[in-house]
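In the part that follows, the structures are each spelled out as C-alpha cells.
In what comes next, subunit A is part of two complexes: it sits with subunit B in the first one and with subunit C in the second one.
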Partner chain A sequence: MSSESSLFSHRWLPALLLAPLMLLIVLFFYVPVFQAFYWSFFLEQPFGGGSEFVGLQNFQRVLSDPEFWGATGRTVIFMLTASSLAVVVPLMLAVAADRKIGMSYPARNILVWPKGIAGASIGVVFAFIFNPFVGLMAPLNVLFPGLWNPGIDGTDAFVTLVAAHVWSGIPFNFVILLAGLRSIPPTMYQAAAMDGAGPWRRIFDVQLPLIMPQLFLTFVLEFTESITSVFALIDTITGGGPGGSTTLLVYKIYVDGFRGFDLSGASTQTAILMVFVLLLAACQFFFLGRRINYER
Partner chain B sequence: MVENARSINIAAGILLAIGILYIVGPLYLTLSTASQSYEYMLRNGLAWVPGTEFFANIEKVIHDTRIPIQMLNSMIVAFSNALATCVLSFLSAYAIVYFRIRWAGVVFALILATIMLPLDIRVITTYQVAANIFSPLNAVLDFTGLNTLIASVFGSPVQLELSVLDTHFGLVAPLVAHGTGTFLFRQFFMTLPKDLFKAARMDGAGPIRFLIDILLPLARTSFASLFVLTFLSGWTQYLWPLVGASTPDMQTAVVGLARLVPDADGQVPDFPMIMAGAVLVSLVPLTMIALLQRFLVQGLVLSEK
Partner chain C sequence: MNRFTLAAVAALMAGAGSAQATNIEFWYGNTGPVETAIKAQCDAFNASQSEHKVSCVGQGSYEVSMQKAIAAYRAKNHPVLIQFFDAGTLDLMLSDAVEPVQDLMPDVKWDSYIAGARAYYETSKGKLFAQPYNSSTLLFYTNKTELEKAGITETPTGWEEIIEAARKLKAAGHACPFVTDGDTWRILEQFSARHGLPIATKHNGYDGLDAEYVINSTFAAKHLANLVEWRKEGLVRLAADTKAGNYTAAFNAGECAMMEQSSGSYAAAAKAFDGKYELTVNMAPMYKGYERHNTFVGGASIYVMKGHDKPEIEAAKAFLDFLRKPEQQMFFTANTGYVPVTTNVLDAIAKSDEANSPKYATAKVGVESMNQPATADTRGIRLGFYVQFREVFMEETQKAFAGTQTMQVALDNTKKRGDQLLRRFEQTYKGKQLP
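Up next is the complex of A and B:
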C-alpha cells in the first residue's frame, strides 16, 4: 500500500463529524466575539429598541470614564499579585512534594481538592471566615478595633479576594508543575550532585530551569484565569465594594450590562478586555516564550 | 545517591503541612460551623469544634431553600456538559487527524482559539445570542439582502426567534463550545502508531469501523479524564448559569448557594445553614475527586500539554 492510504478520503463524512461542535463554537463563540466588536461601534438600545452607528463615540465615552480606568488598574494589580502568588505558592509546594518524604503522599491528594469546589462556594465560605464580626479576625477586632473590616477597608477586601483566588488556583498549577518536576530524568540530579551541588542548590540550578516550559504555561493560563474567574469571588465576597475598591473589569462589565442595561458600554469594554487578553497572550508568547529552552 | 538532605526534607515537610492546612482549614471551618446552631454562632463566632446540629442544618437547607432542585439542575448541566464535550470533541478530533481534508489546520486553529477568550469575558453578547439563537441567521439574511427579496415575494421578511435562556440546553451549550476536548483527543491520536491505522485499513476497516472498534476502546482513559474535568467545570460554573437562568428553579446549585447570603446588611446571616448548603453543594464534585482522582490529574496534565 502506498503512503496515500495513511489517511481516509471521504467527501462529506469529516464535515459531518465536525459539524456539531463547529456549529456550537460559531454560535456561542465567534458570533458573540464578533458582536462585541460590532456593537462597540453602535449605540444599542436595551430590549431591542434599535441601534444607531456612532463610530468611535462608545470608545470615547468608555475611555474618558475614570471608573473604567479604576477598574482596569485594579484588574492589572490583581492580575500581577494574585496570579504571581497562584503560581509561586503551588511551585513551592510542588518542589516540596517532589521529594520522597512521608508528607508528600497526603499532600498530592489533598492539594487537588479545591478543583471540586466552585469559586462561588469558596467565596461564600471565605466571606464568612473573614467576616469582621463572627469570623477568624473577630477576636482580634475586639482587642484592636478597626483592625480588619473588608466591608469598610478596600485593602482588606482585596486581600480576601487574593487569598481565595490562590486557594482555588492551587490544584491545576500544582499538578502541572509537579508533573514537570517528575519528568526530569534522575541522571540530571546525579550529574549535578557529582559536581557538588547540594539539594538546595539543585532547586535553582536544575529543577527551575528544567520546568520553565511548565512555569511559562501556568503563568500564561493564570493571567487570563485571574482576570475572568475572579468574577465569582467578587460577586460572593465583596460585591465589588467597598466603594468600588474591588470592582474589576469583568465585574464592571457584568454590572453595566445586566444591571445598568448599557449594552453598548458593556460591549465596548468587552471588546477592549478581549484585545487586552489577546495582546497579553501574544506578548508572553513572543517575549517570554523565546527565552525558554524547550529541549530536554 | 547518599547525601545529607535532612534540612531540605524538614523544610519541605513543614511547607507541605502549611499547604495542607491552607486547603483543609477553610473546609474544616465550613464543616464545623455547619454543625452548630445559629445561636452558638452568634455567641462564639465561627466554630472551632463540631457541634450536633449538622443534620438539623442540612434539613433546613433541604426544606427551606431550592438547593435540592438546583442540585438536580447542576447534575443535568454537569453531566450533559461532560457527555456532549466528550462525544463532540472525539468526533471532531477524529475528523481532523484521520481524514485528508485541506482545511484541517484552519478548522483546528478555529477550535483552539476558543481557549483564549473564556466565556466569562464574552458573557454580555453570548447572552444576547442565547436570547435568540436565530439572531445571527436573521442578521445574515438582512445583510445579504435576501430578506428584502423574501419580503417582496412572501410579503414579510424572515425573522425567526427562539430563546434558549432558562433551559438546560441554554445552560450547557455555551460551555460545550470549547476547544480543550478536541485538543486533548488530537494529542492522544497523535501518540498512536501509524501502523495501527494501516493494519486496520488492510483488514478492510472503513472510517466508522475504525472509529468504533479501534479508537474508542483505546481512548477510554482519555474519555474518563475529559469527562471528570468537564463535569467538574460544569458543576462549578457561576457567571453563565447566573445570567442564563432567571428563575430559582432553573438555577444551578452554586448560584443558589450564593443567593442564600442576603444582600442587605444588618442582621447576621444564618451562617451555619449557609455552610451546610456549601457542604451539600460541594459533596458531589468532592466525592468525584476522591474516587476518580487519577483521571482528574491525568486530564489536567493532558489538556495543557
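Up next is the complex of A and C:
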C-alpha cells in the first residue's frame, strides 16, 4: 500500500475506466433525482403539455395531507419493527450457527439461500403462506372463524408484510453477523470461560461488544433499505390494502405517480422521502457511529 | 443510450425485411384470451394487405401501457396507436398528445356507434376522440343451479329480490350468496349510471373542470351502506372473504351464487360452468322505485397519437378501418365476450344463423343495458385524476367494510379527497378548455 496511484501512471486512464459506471450512476440516479426535485416545484402535465411553477405549494399540500402523514407513520412503524426483527432474528441464528452445535455447518450454508430469491417472488410465496383458507393460519381460522384475514384486516396484512421482510432480510444480515462472530479470536471465549463466564454471559459481554461494527452496519442498511425495498413485497402481497393499511410512503409514491399520473405530487413526496432517508442515515452515524469501536 | 441503439438497429432490421410497408406500433394492455384475440386481429390485418404492417405490443396492463406511453411521448418515441381504458379519458383529451379520430377520419359513419358507447369518448359537443375497441358493460350473473337448489326458481332482477334470494341461499347453508370485489367501476359508477344518479356536479365533469363529487349524498351512499350491512348478515361476500380470494374465480368455481361483473367475463364463466351449472346473464339489478337508465361503456378504446408522419397515420387509419369491419367485431365478440357497439354489427349478428349462440349472449343484453334511456349524468365520467380517485374510493370503502369507519364517513372522506384531486387537476391544466 505504499503508493496507490502508482498503479495507473496515465492521467486519464483512471477517469476513462470509471466513466462508464459514473455515466450509469448519473443517468439512472442523479438525473432522475434532479428531475424529481425540479418537478416538485411545478405542476407538471403527464404528457408534457405544459407545466406551471408553483413554488412551495406542492410541499405545503403534501405536508398538510393526512394521507401523507399516515403513510409516513406506517413507514416509521415498519422501519422500527421490521428492521429490528430483520437484524435480531439473523443475530440469533448467527450466534447459534457460530457455536459447535449439531447442524450448524449446514445451517451456515442453507440460511444464505433465500438471498437468491427476488422480492416479488417472496411476496407471492408469503401471500400463499398467509392465505386465510389454505395457509399456515387456516387451522386457527377453523377454530376461531374470522381471526386471521389479511385481505380484510389491516393489522393482519401489516404483520404479513413484516414477516416477509424479516425473512428476506435473513441471509445478508446473517452472513455479515456470522463473519463478525467468526473473526473473534477463540482465545477470548476461552479466557472468559476460564474466568467462569457462562454461555449467556459470553454472548453479552464478549461477542456482542466485539461485533458492534457489524451490528451497526446491518442496522444502518436495514433502516434505509426497509423504507425503499419493501415496494416489491407490498406490490405482490397486499397492493397497499386493505383500506390503505399497508400503503407505505414508497408505495404511495408509485401509486400517485404511475397509476394516478400525478407527477408533481409523486415527485414532491420522493424529494421528502429522500431527505428523510439521508437525515436518518446521518443521525445514525452521528449518534451511534461515533460510539462504535472499530479497533480490536 | 443502449436502448436507443437497440431501437435503431431493430428499426433498421425491420425496415430491411419489408422494404415498402409502413411499420407502425399498437400498444395494448390486455392479457389472456383477449390478448390472443388482439394478436389474431393484428395477424389478420397484416396478412390481408402488404401496404402497412402493424406490430401489436402487449404491455401487461392498461396502467403500464399508459406509463410507458407517457415516457415514450416525452422522449418522442411513442407508438401511433394506443389502447387506453375508460378512466383515463380526460387525461388524454387534455394531453394534446392525441388526434381525435373524428378529425382524422371525418368520412367514417361514427353515428353507427351506439350512443352509450360514443358518449363516454366524445367531447361535450359530440366529437369522438377515440375509436371504441373492447367495450363491455356491467351485467348480473347467477348460478341458476345453486339458486334452484335453494328453492329460487325465478332469477332475481332487483336488489330487493337478490337479498331475498340471498337469505334463502344462506338458510340453505350456502356460504357465499352474492360476491363482489367492491371495485369503484362496479359498485359506484355503474350503479349511479343505471339509477340515473350523478357522480359529480357539472354532469360528471362534462360541463367544466370545476366539478365536485356528490357520491356521499346520492342514493349510491345508501346502497353502499346496505352492502356493508348485508356483508355483516352473511349475504354479501367480498373477494377476500372467499376461498378463491378472487370474486370471479369464486363465482366460476361455484363457491358463490351471484355476482355483478363485466360482460367480458362471460366467456370464462360459461367455460367453467359447462356441464356443471347453468348460467344466467341479465342486466345489472335496480332498486324498486328507480327508473332504469343506461350503464356506462367499460373496457377501452384506441387513440391515435400525434407526432407521426403521413404514411404512419395512413397505416393507423387502415388498421382502425379493419377493426371496425363487422366480421372483425364479431370475431372479437365471439372470442372475448366484449360487446360490439356499432348498429351494423348488431344487425349482422341478429341476421346470422348463430344469433342465439351463447358466444353472442352478452352482446344482446350488454347493448340493451347501454341503450337504456340516458340523462346528462349517464354519458360518462369526465373527471381529472380519476384513476387516483378510484384508488381513494377503494381505500376508504375497504375501511368501511372492515368496520373501522362507517360507510358514510368513508364516502365523506372520499368526496373530500376526490375534490382535492379535482382542484389540483384544474390547476395543472389551467388555461385549457374542455374540448
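Basically, the second predicted complex is superposed on the first by the 287 of 296 C-alpha atoms of A that agree within 3 Å, B and C clash if a C-alpha of one lies under 4 Å from a C-alpha of the other, contacts with A are read in each partner's own complex, and residues count from 1 in each chain.
Here is the rule we go by: contacts are C-beta pairs under 8 Å (C-beta built on N, C-alpha and C of every residue); 3 or more make two chains touch, one makes a residue touch a chain.
Treat the numbers as computed from the prediction; the structure is a model and nothing was measured.
**Q** Between subunit B (first) and subunit C (second), which, if any, makes contact with A:258: first, second, both or neither?
**A** Once the two structures are laid over each other on A, A:258 reaches both partners.
**Q** Looking at A:125, would you say it contacts subunit B, subunit C, both, or neither? Reply first, second, both or neither.
**A** first
**Q** State whether A:27 touches subunit B only (first), subunit C only (second), both chains, or neither.
**A** Both partners, subunit B and subunit C.
**Q** After lining up the shared chain so the two structures overlap, which partner does A:267 touch, if you call subunit B first and subunit C second: first, second, both or neither?
**A** First partner only, subunit B.
**Q** Among the partners subunit B and subunit C, which is in contact with a greater number of residues of subunit A?
**A** On the superposition, B touches more of the residues of subunit A.
**Q** Should A:82 be classified as contacting the first partner (subunit B), the second (subunit C), both, or neither?
**A** neither
**Q** Answer with first, second, both or neither: which of subunit B and subunit C does A:242 touch in the superposed model?
**A** Once the two structures are laid over each other on A, A:242 reaches subunit C alone.
**Q** Could you say whether A:161 touches subunit B, subunit C, both of them, or neither, answering first, second, both or neither?
**A** In the superposition, A:161 touches no partner, neither subunit B nor subunit C.
**Q** After superposition on the shared chain, which partner residues are touched by A:133: those of subunit B (first), subunit C (second), both, or neither?
**A** both
**Q** Now for A:52: first (subunit B), second (subunit C), both, or neither, which partner does it touch?
**A** second
**Q** Across the two complexes, what residues of subunit A are contacted by subunit B and by subunit C?
**A** In subunit A, positions 27, 131, 133-134, 151, 258 sit in both the subunit B and subunit C interfaces.
**Q** Can you tell me which positions in subunit B touch subunit A when the two form their complex?
**A** Touching subunit A from subunit B are residues 1, 3, 5, 7-9, 11-13, 15-17, 19-20, 22-24, 26-27, 29-30, 33, 41-42, 45-46, 88-89, 91-92, 94-96, 98-101, 107, 110-111, 113-114, 116-118, 120-130, 133, 136, 173-174, 176-179, 182, 194, 197-198, 201-202, 207, 210, 232, 235-239, 242-243, 254-255, 257-258, 260-261, 263, 265, 268, 271, 274-275, 278, 281-282, 285-286, 288-289, 293, 296-297, 300-301, 304.
**Q** So in the complex, the part of subunit A that touches subunit C is made up of which residues?
**A** The contact residues of subunit A facing subunit C are 23, 27, 43-49, 52, 54, 61, 67, 131-134, 149-154, 240-244, 247, 255-256, 258-262, 264-265.
**Q** Mind pulling up the subunit C residues that touch subunit A in the complex?
**A** Against subunit A, the touching part of subunit C is residues 1, 63, 66-67, 70, 73-74, 88, 91, 94-97, 238-241, 243, 245, 385, 387-388, 391, 394-396, 398-399, 401-402, 404, 417, 421, 424, 427-430, 432.
**Q** Looking at the complex, which residues from subunit A come into contact with subunit B?
**A** Listed in rising order, the residues of subunit A that touch subunit B are 1, 5-10, 13-15, 17-18, 20-22, 24-25, 27-33, 35-36, 39, 89, 92-93, 95-97, 99, 101-104, 106-107, 109-129, 131, 133-136, 138-139, 151, 167, 170-172, 175-176, 179, 189-190, 193, 198-200, 217, 221, 224-225, 227-229, 231-232, 235-236, 239, 250, 253-254, 257-258, 263, 266-267, 270, 273-274, 277-278, 281.
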